[in-house]
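Here chain A shows up in two complexes: once beside chain B, once beside chain C.
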Partner chain A sequence: MEKEKIEKIVLKHRNEKSAILAILHEVQAEDKQLNADSLRYIALLLGVPYANVYGLATFYSAFSSDKKGKTLVRACDGISCHINGAEEIIKTLKSRLNVEMGKTTWDEAFSLEKVRCLGLCSISPNVSFNDRIYSSLTKEKILEILREMTGDPK
Partner chain B sequence: MTIQMTLNNKEIEVPKGLTILEVSRKQGIDIPTLCYHEALGPHGVCRLCIVEVGGVLRQGIRISCIQNVVDGLVVNTESERVKKNRQFLFELLLARSPDSKELIDLAAKHGVYESRFYEGDTDDNCVRCGLCVRVCRDKIGAFALCFAHRGYERMVTTDFESLSGYCIGCGTCAQICPTGAIRMKDEGEERIIYTKNGVVARFELEKCDVCGIPYAPKKYLNFIKKKSDDTMAVSVVRNLCPGCARRMGAINLVGSMTL
Partner chain C sequence: MKIKNIKDLGRAKNAGMKSLFPKIPQIRISMSTCGLSLGADRLFQKIIQETEKKGIKISLHPIGCSGCCNLEPLAMVRLPGKPALLYTQMTLEKAERIIRDIQKKKITKKGLFCIIGGDLVSGKPDPELNDIPDYKDIYPFKGQQRILLGNCGIIDPLSVTEYVAMEGYTALHKALYQMRPQEVIKEVVESGLRGRGGAWFPTGFKWDMARKSSGDEKFVICNADEGDPGAYKDRTIMEGNPFKLFEGVVLAGYAIGSHQGIIYLREEYHHTFEFLNSAIEIAKGYGLLGKNILGSGFNFSLNIVRGGGSYVCGEETALMDSLEGEVGDPRLRPPFPIEKGLWERPTIVNNVETLSNVPLIILNGGKWYTNIGTEKAKGTKILSVVGKVKRPGLYEVPLGTNLKHVIFEMAGGPFNGKSIRAVQVGSPFGTFIPSDKLDITLDPETLREIGSMIGSGVIVVLDQDSCIVDILHHLLTFFVEESCGKCIPCREGVSRMEELMEEIYNGRAGMKDLDILNELGETARDFSLCALGGGAPAPILNGIKDFRKDFESHIKTGKCFGVS
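Right, the complex of A and B next:
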């Protein structure tokens, strides 16, 4: 990401070291990735050793050094979702978006991720598109949602 | 303030505020540890220092490097339960680091010769005890090492898993590593710090002013100079190898005495 944008985000948090997670979140949200150059620049601005920032950014699964798609699709495959048919949903997502688990589509529109729990086991199976969670999914429902998302009538 | 406690069926009186591990070592009882170091204090990750406690505390297994002694405590460091648990821990550690000579020796001492969990795809000797990361961060203050990734993938590495610009080449990490996962060697005029995964840092060595033998990286010397200037108000002016420094010190001392 451009240095000016990172500076702006860091300044918004008043150059506070303690706000590093919030800063990483915002940079990740804007740039869809946390590459080494961004991390180095954040570390420099905050006066934190590179190693600390690198440790943080690799620890949390919310951060990724690979470029993510515009929409982050997180399919839950926790126990409740799994027995309520998450496998079928994930299979549909994979074939419909034509992407492997943990990868991004060629046009950088979607990234598919498997997560362990979204905290909505009672209305499983769940899939979240960015911050919006869709529940009680069936194959038909997920196809309908994807049709809406992609604007593709297939 | 002293307290009464029982250690391996022996009544002893010990000062308050010590941990079970410290008391046991003072009494000459050997408890194996990997992540404990006197300079750094307890960390509680290797779990090898487990003992069985009873008396005023609930009967059970505790890690002795963190548990403080209390009045009326009963400790058994070699009970069957402790041995069984510790052997299990050794098996887990051996599964992760099957090539480490230090770990194999320590495990053999406690009757473990092979691991049931060995899968044959381990990449290093590191047991993730965290000593190197802690010593680099807390004692040296170089911040060259960190833990990266999470869970099974957790590893000790430099920033961005490349040659570190923060490393000063002091070699403390290699010296403190209990399993020999980080190593350091001086080859000619070069110091290399390396792990099984590759080179961590590479330094050119400065030569001693007197004997001309390469002995320490320039960055390390500058680091020490800065630290001694800051804290002791004494400036180290000459580049001397340990041998020459001793000799010069002795000459200075004798000289000042005779004068």
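Right, the complex of A and C next:
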């Protein structure tokens, strides 16, 4: 990401004590990734060792150094979703998007991730597409949503 | 408008009452994360369009979730002078019908679920509604004691005045003007309130120690890293009644002598993050956060920090590491956070549900609170009943409520004529209780006797089609992913357990492997650094004992027990 953009985000949080997580969240949201160059520059601006920033970016599951697709698909695999058929939903997502768990489609349109609970446990299973969550899913419903999202009538 | 004194509070209350009981027809739509995921935003837009098209003036507000997400989207509808009515599983068609009827000044009977009457949003009884049950007489609300959730799904969660109309901020006013911090703590101690995040530590005791800790800078951390899969009570409180939580946080700050609070929110709650930020700005605007709160001279700032999607950061010392910009590694205790917490300053970490109890305790007195619950366990607990039951959802019940009653009566028991196999109570660390042992009361002591806990209140119900080995393996994959990797018993031990469980599930293990699984479990349980590695083995160890047939079936045939 351009240095100016990173500077802007870091400056925005300059008066906060617990700023680094927020900075990483915002840089990733804008750049769809946290690559080594961005992390190094964040470390430099904050005056902390690069190793620390790199450690954070790899420890927390919300952060990734791989470039994410335009739509981040997060399939919930919490216990309630698991009991109510998350496995089939995940299988359908993988095969229809033609992507492995944790990976991005070739055209960078979708990234598929697993999360442990989106917190909508009495209307499981759930999948989120960026900030929109879909609940009470069945195989048919998820296929319908994917048809809408991909524009592929299959 | 700033609320600076008791008169302003009275004015806000009047404004809130007007907003709650408008002179024109009223529609309220539940717009929490759960409502939105089922299309509440489209519903809201549709209502705006329809009423504008027809030229009908209505009072339209969003509300939070009442805990029964499976009935979402909900609509609360009220004609002037009539009781409020609740409609469930709303569709655009249902909304059109209701609006048509509003135009005719008529009550829509079709699809009407219940009357929201009683002490909440009452109106004059209506003979036309004689055959419609009151919410107190119909499940999922029947049998609940909703001291925390009561206003969720009734008030507009971003309306300070509506919250004030429901006695909000009366406790904070009372504390700031009439009570010394020690007196606040005394009430909390007397109430017997304990930590609702799972640790069950006496809240008043923690506050008292933090108050006595020396240092001019202290922190109040609200733990909103609701990580237990199956739990969503904190989200429901935060999205349904955020000012109650803020009031509790400020009361905690006043009690221990802190001027800074942080809500550590889990990463997965995207909507909640935006929502809480708006709520904080609104509270600041009213002078309920920031400088000179309620005109009392007391200052308290509150901000939200989003986590990074790590379960272990729900553990208080790992949480503080995370706030300090480190990876979330649990620290050795002592020193305890009340002496050396965040940035080595005295700190209290309390759960969302715990803090939300505090305004009630200050308003009504600690003694009042002791009337709820059992002799030893005081107050209510929000249970999150999920899995194979007819009515999954949140149930706020007094501690000491019978588990079987909650599952079979309140949540409706299993569906499709199936039978219940096992129930996990408390958290992912809770043991699976076989179906013939469910006739117990929900309080920490009783649960401890059977190796379980009340935890964060998750109740996972499995029916006859569920395989215990599969569920336990699934649990272990969760623990392996979430282990921070700092100590060996958890990092290596729990990983080996997961591998073994996979072998067992696939029929590639022998009966001797159960002994190894046991030994690994006992080692991780006894020697892990924090509660993650220490707690992970419990459901497995108990599972081997209570559901041996499931394990044997997988080992010998590679198939689930009961499947031929």
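By our rule, the second predicted complex is superposed on the first by the 151 of 154 C-alpha atoms of A that agree within 3 Å, B and C clash if a C-alpha of one lies under 4 Å from a C-alpha of the other, contacts with A are read in each partner's own complex, and residues count from 1 in each chain.
The rule we apply is simple: a residue touches a chain if its C-beta (ideal position, glycine included) is under 8 Å from a C-beta of that chain, and two chains touch if they have at least 3 such contacts.
Computed from a prediction, not measured in an experiment: that's the story for all the values here.
Trainee: Contact-wise, after the overlay, does A:Met149 reach chain B, chain C, both or neither (first, second, both, neither)?
Mentor: A:Met149 contacts neither chain B nor chain C.
Trainee: Would you check which partner chain A:Leu24 touches, where first means chain B only, second means chain C only, and both and neither mean what they say?
Mentor: Only chain C; A:Leu24 stays clear of chain B.
Trainee: Kindly classify A:Ala36 by the partners it touches after superposition: chain B alone (first), chain C alone (second), both, or neither?
Mentor: First partner only, chain B.
Trainee: With the two structures laid over each other on chain A, which partner does A:Ile79 touch: chain B (first), chain C (second), both, or neither?
Mentor: In the superposition, A:Ile79 contacts chain C only.
Trainee: Give one of first, second, both or neither to describe whether A:Asn52 is in contact with chain B, with chain C, with both, or with none.
Mentor: Both chain B and chain C are touched by A:Asn52.
Trainee: Could you say whether A:Leu44 touches chain B, chain C, both of them, or neither, answering first, second, both or neither?
Mentor: Neither chain B nor chain C is touched by A:Leu44.
Trainee: Chain B or chain C: which reaches more residues on chain A?
Mentor: Higher number of touched chain A residues: C.
Trainee: Looking at A:Tyr134 after the superposition, I want to know if it touches chain B, chain C, both of them or none. Which is it: first, second, both, neither?
Mentor: A:Tyr134 sits against chain C, while chain B stays out of touch.
Trainee: When the two structures are overlaid on chain A, which partner does A:Leu118 contact: first (chain B), second (chain C), both, or neither?
Mentor: Touch partner of A:Leu118: chain C, not chain B.
Trainee: I'd like to check the shared interface: which positions of chain A are touched by both chain B and chain C across the two complexes?
Mentor: On chain A, the overlap between the chain B and chain C contacts is residues 52, 55, 59-61.
Trainee: Spell out the residues on chain C that touch chain A in their complex, using ranges where they run on.
Mentor: Against chain A, the touching part of chain C is residues 33-34, 36-38, 68-70, 72, 226-232, 235, 262, 266-271, 303, 305-311, 322-328, 343, 384-388, 392-394, 424, 428, 460, 462, 466, 471, 474-475, 478, 481-482, 484.
Trainee: Per the contact definition, I'd like the list of chain B residues that touch chain A in the complex.
Mentor: Where chain B meets chain A, its residues are 143-150, 157-160, 164-166.
Trainee: Name, in rising order, each residue of chain A that touches chain C in their complex.
Mentor: 16-22, 24-25, 48, 52, 55-56, 59-63, 77-80, 82-84, 115-124, 126, 128, 131-136
Trainee: In their shared complex, at which residues does chain A touch chain B?
Mentor: Listed in rising order, the residues of chain A that touch chain B are 36, 39-40, 49-55, 58-61.
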